[in-house]
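Each of the next two complexes has chain A plus one other chain: chain B in the first, chain C in the second.
Then we have the complex of A and B:
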C-alpha cells in the first residue's frame, strides 16, 4: 500500500509539474514499468493479419523506452549533470504518463472509425500530451545541468518523447 | 635573467662545454636567481607581484610538465566524460561549420580545435535515423491519401534498419579511413593526421545537412527531391574533402585522388540508398516487386488483385 501511494503521488506530481523534489528524492521504477507495459499493450494491433511491417512489437516498445531512457541518462551524466542514474530513469519513465493517457484517448477516438477529422483530433491530443511530457521532464531534469549545456541535455528528451508520440500517432487498429 | 638563459636550448656541440661548466653554472644560476629574486622583492614595489608571478609560473610549468598525462583509463567514467566536454554554443558552431564548408578553413583545425566531441556525431546520427523512418512513413501516408489502394502500415522495422545503417556508416567508414591514413603515414612519415575521434566527428557533423534534406523530401515533386539530394550531397562531400585535403594532399596524386573519390562515392551511395529505400517512388509499388519493395509487396498485391477480381 505504501508503495502504491508513493507511485500515485508521483503520478500527481507529473500531472501538475511543480518544482518539487518528491520525484527525485525517493525514486522508484514501478511507475515507469506500469506505464511502459500499458503503452506496449495498447500499441498492439487488435487484428492478427500476418503482416510483418506493422506497428512496433511489444518488445520493440520496451526496447525503445528503456534503452532510450538509459541513453538519455548517460548523456546527461556525461555532460556533467549531477543527477543520479536511477533518479533520471525515474523521471523519464514517469513523464510518459501524459503520452499513455494520449494513447488511451486515441484508442477511444479510433473506435469511431477513421477519417481526417479523427486524425486531426488525434494529432491535437498527441501534440498537447507530447508538450506536457517534455515540459514536465524538463522541469525536473534541467536544473541538474550546468547552465551552458541545458539545451544539449534537453534535446535528447525531446527526441525520445517525439518518437513515442509518433508511435502513438501512427497506430492503426 | 641568468636562470632563463641556462634553461635555453644549447647546441649539441657545446655539450662538453656545458657539462664542464654545469656545476659552476648551477650554483651561479641559483645564486643569481636568489639574488635576482631578492633584488626584485626588495627594490621595486610593483615588481613584487610580477616577479613572484613569473617564479610561480615557472614552478607551475614544471609541475605541469611532470604530470603531463594524467593517464585516465578507458574503463573509468571520466575518460568518456572528456568527450562530452562541449557547450551548446560550441555544438551549434560546429554544426554551422559543417553546413557551410569553406576551402580555406579546415573543419578539424578551425572548428574542432583539436577537441573532438562524441555528442554531435551520436545525436546527429540518432536524429537522422528517426527522421528518415518518420518521413518515410509520412510519404506513405500522403501517398495513401492520393491513392487509397496503397496499403498503409506503420513500418516500425524501418527504424531499426535506418539506425543500423546510419550508425555503421558513421563509425565504420571513419575507422577504415583513419586506418588507411595511418598506414599511409607509416610509409610516408609526413605531417600529423587526425585522430580517430576527429575523423568520427567530421563524418558525424557532415551528416547533419541530410536532416533538413530528408524533411524536404516530403514534397512529392520528383525532380525537386533529386535537386535537394544533390545539393545536400555536394555540401556534405565538400566539407569532407576540404577537411581531408591537407592530410591527403601530401601523398601521391594517385592515392589522394583515389581516396577522395572513394569518400565521396561512399557518401553518395548512402544518400542514394536512403532516398531509394525510405522514399520509394510511388509507381514502383504497383509494378513487379523490386528487391527494395518486398516488404510492401504482399500487402500491395492483395488489394490490387482484389480490385482486378471485382472489376
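Then we have the complex of A and C:
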C-alpha cells in the first residue's frame, strides 16, 4: 500500500513537473514497469490473421524502452553527470506516463474510425504529450549536468521519446 | 583508479532502502549498485513513511512513528543488514576491478568530455572542412587535450549519437515506404555495426602490415569512422523531404567533405611528420602510407552510399 502511494505520488510529480527531488531521491522501478507493460500491451497488434505487419510485439516495445533508457543513462554518466544509474532509469521510465495517456486517447479516437481528421487529432495529441514527456524528464535530468552540456544530454532523451511517439502514432488496430 | 568525477563513495551501504520495502530478503547484493556507474548518489537516509522494518519477515504489527527504534532494537536484523551491506561492498569491488579489464572506462570518459559548443563546431567542420587551417591536436604534457578544448580531438559522443540517429532515421525512411517492421531496425543496426567492425579490423590490419608507428588508438579509429554517419543522416533526411535529387546532392556534398576531412586528419596521424607538413618525402614507406590514407578516406563515401541507397526511393 505504501509503495503504491509512492508510485502514485511520483505520477503526480511527472504530470506537474516542479522543481522537486522526489523522483530522484526515492527512486523505484515499479512505476516504469507498470507503464512499460501497459504501453506494450496496448501497442500489441491484434494479429489474429497471423501476419505481423505494422504493430510491434510485446517484447519489442519492452526492449526498445529499456535499452533506450539504459543507453541514455550510460550517455549521461559518460558525459559526467552526477546522477546514479537507477535514478536516471526511474526518471525516464516515469516520464513515459504522458505518452501512455496519449496511447489511451489514441485508442479511443481510433474507435471512431480512421481518416485524415482522425490522424490530425492523434498527431496533435501525441505531439503535445511528447513535448510534455521531454520537458518533464529534462526538468529532472538536466540539473545533473553542467550548463554547457545540457543539450547534449537532452538530445538522446528527445530521440527516445520520439521513437515511442512514432510507435504510438503509427499504431493501427 | 576510478574517475574522480563520480560522487558517491564506494561501498556506501544502502541503509535507506531497507526500511521501506515490505518484505525484502536479507542478502541481496544484486540490489546494491555493483559498479561505479551505479553509485547511488541519492541522499536522505530517513524516510517519511511509518516504517515497517521487517527484513526477515518478522512482522511488526503496527507502523511506528519513528522507524528507527524497532529497527535497530532487533539484533538479528542489525546483523543481517551488516552482512548484506558487506556482501554488497564486496561484490561492488569485484565488479569494479574486473570491468576495467574489458571496457577502459576512464579512457572512454576522455572521449565524452565534450560540450555543446564543441559538438556544434565539429558538426560544422564535418560538413565544411575546407577553411580549417590547423588540424593538429594540441597536447598538454604528453596527453592530448580533452575534446572540449580542442576541436581537432576525436570524440565518441558524435559518432555514437549519429549511429543511433541513423538507425532511427532508417526506420523512419522504411516506415514511409511501408516496408517497416521493428525487427528491421535491429537488422539495420546490426548490419551497420558489422560494417563498422569490418572497417576497423581492416584498417588496423593494414596499419599493422605497413608497420606504421602511429599513436592512432582503436577508439580514435572508431571515432573517426563514426563521423560519416552524420553525412548519411543528412542525406537520408533530405532524401525523405525532397526525393532522390536532394538525396544525391546532399550525399555527394557530404561524401566530398568526409573525404577531405579524413585525409586531413589521418595525414597527421599516419604519415610521417615531414610529409604532413607538405614536404614530399621519397621512399616506398611514405608512398604506402599515403596510399593507405587515400584508401581509408575513399572507403568512407563508398560506405556512405552503400548503407543509405536502399532507404531512399
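Quick note on the criterion: the second predicted complex is superposed on the first by the 171 of 173 C-alpha atoms of A that agree within 3 Å, B and C clash if a C-alpha of one lies under 4 Å from a C-alpha of the other, contacts with A are read in each partner's own complex, and residues count from 1 in each chain.
Simple rule for what comes next: a contact is a pair of C-beta atoms (placed from the backbone, for glycine too) under 8 Å apart; a residue touches a chain by one contact, two chains touch by 3 or more.
Just so it is clear, the model here is predicted, and its values are computed rather than measured.
Enquirer: Between chain B and chain C, pick out the one touching the greater number of residues of chain A.
Expert: C
Enquirer: Looking at A:172, would you say it contacts chain B, chain C, both, or neither? Reply first, second, both or neither.
Expert: first
Enquirer: State whether A:118 touches chain B only (first), chain C only (second), both chains, or neither.
Expert: In the superposition, A:118 contacts neither chain B nor chain C.
Enquirer: Taking the superposition on A as described, I'd like to know which of chain B and chain C A:38 touches: first, second, both or neither.
Expert: Neither partner.
Enquirer: Contacts for A:80 in the overlay, against chain B (first) and chain C (second): which applies, first, second, both or neither?
Expert: both
Enquirer: Can A:24 be said to touch chain B (first), chain C (second), both, or neither?
Expert: So A:24 only meets chain C here.
Enquirer: What is the shared patch of chain A, the residues that chain B and chain C both contact?
Expert: Residues 52-54, 56-57, 60, 75, 77-80, 148-152, 155-156, 159, 162-163, 166, 170 of chain A touch both chain B and chain C.
Enquirer: Which residues of chain C touch chain A in their complex?
Expert: 5-8, 20-22, 33, 35, 37-44, 47, 49, 52, 108-109, 112-117, 119, 157, 160-161, 164-165, 168, 171-172, 175, 180-183
Enquirer: Which residues, counting only chain A, touch chain C once they are in their complex?
Expert: 2-3, 24-27, 52-54, 56-57, 60, 64, 71, 74-75, 77-80, 82-87, 146, 148-152, 155-156, 159, 162-163, 166, 170
Enquirer: Within their complex, state which residues of chain A touch chain B.
Expert: Answer in residue numbers: 51-57, 60, 75, 77-80, 148-152, 155-156, 159, 162-163, 166-167, 170-172.
Enquirer: Would you tell me which residues of chain B are touching chain A in their complex?
Expert: 77, 80-81, 83-89, 91, 119, 122-123, 126-127, 130, 134, 137, 152-160, 295-296, 298-299
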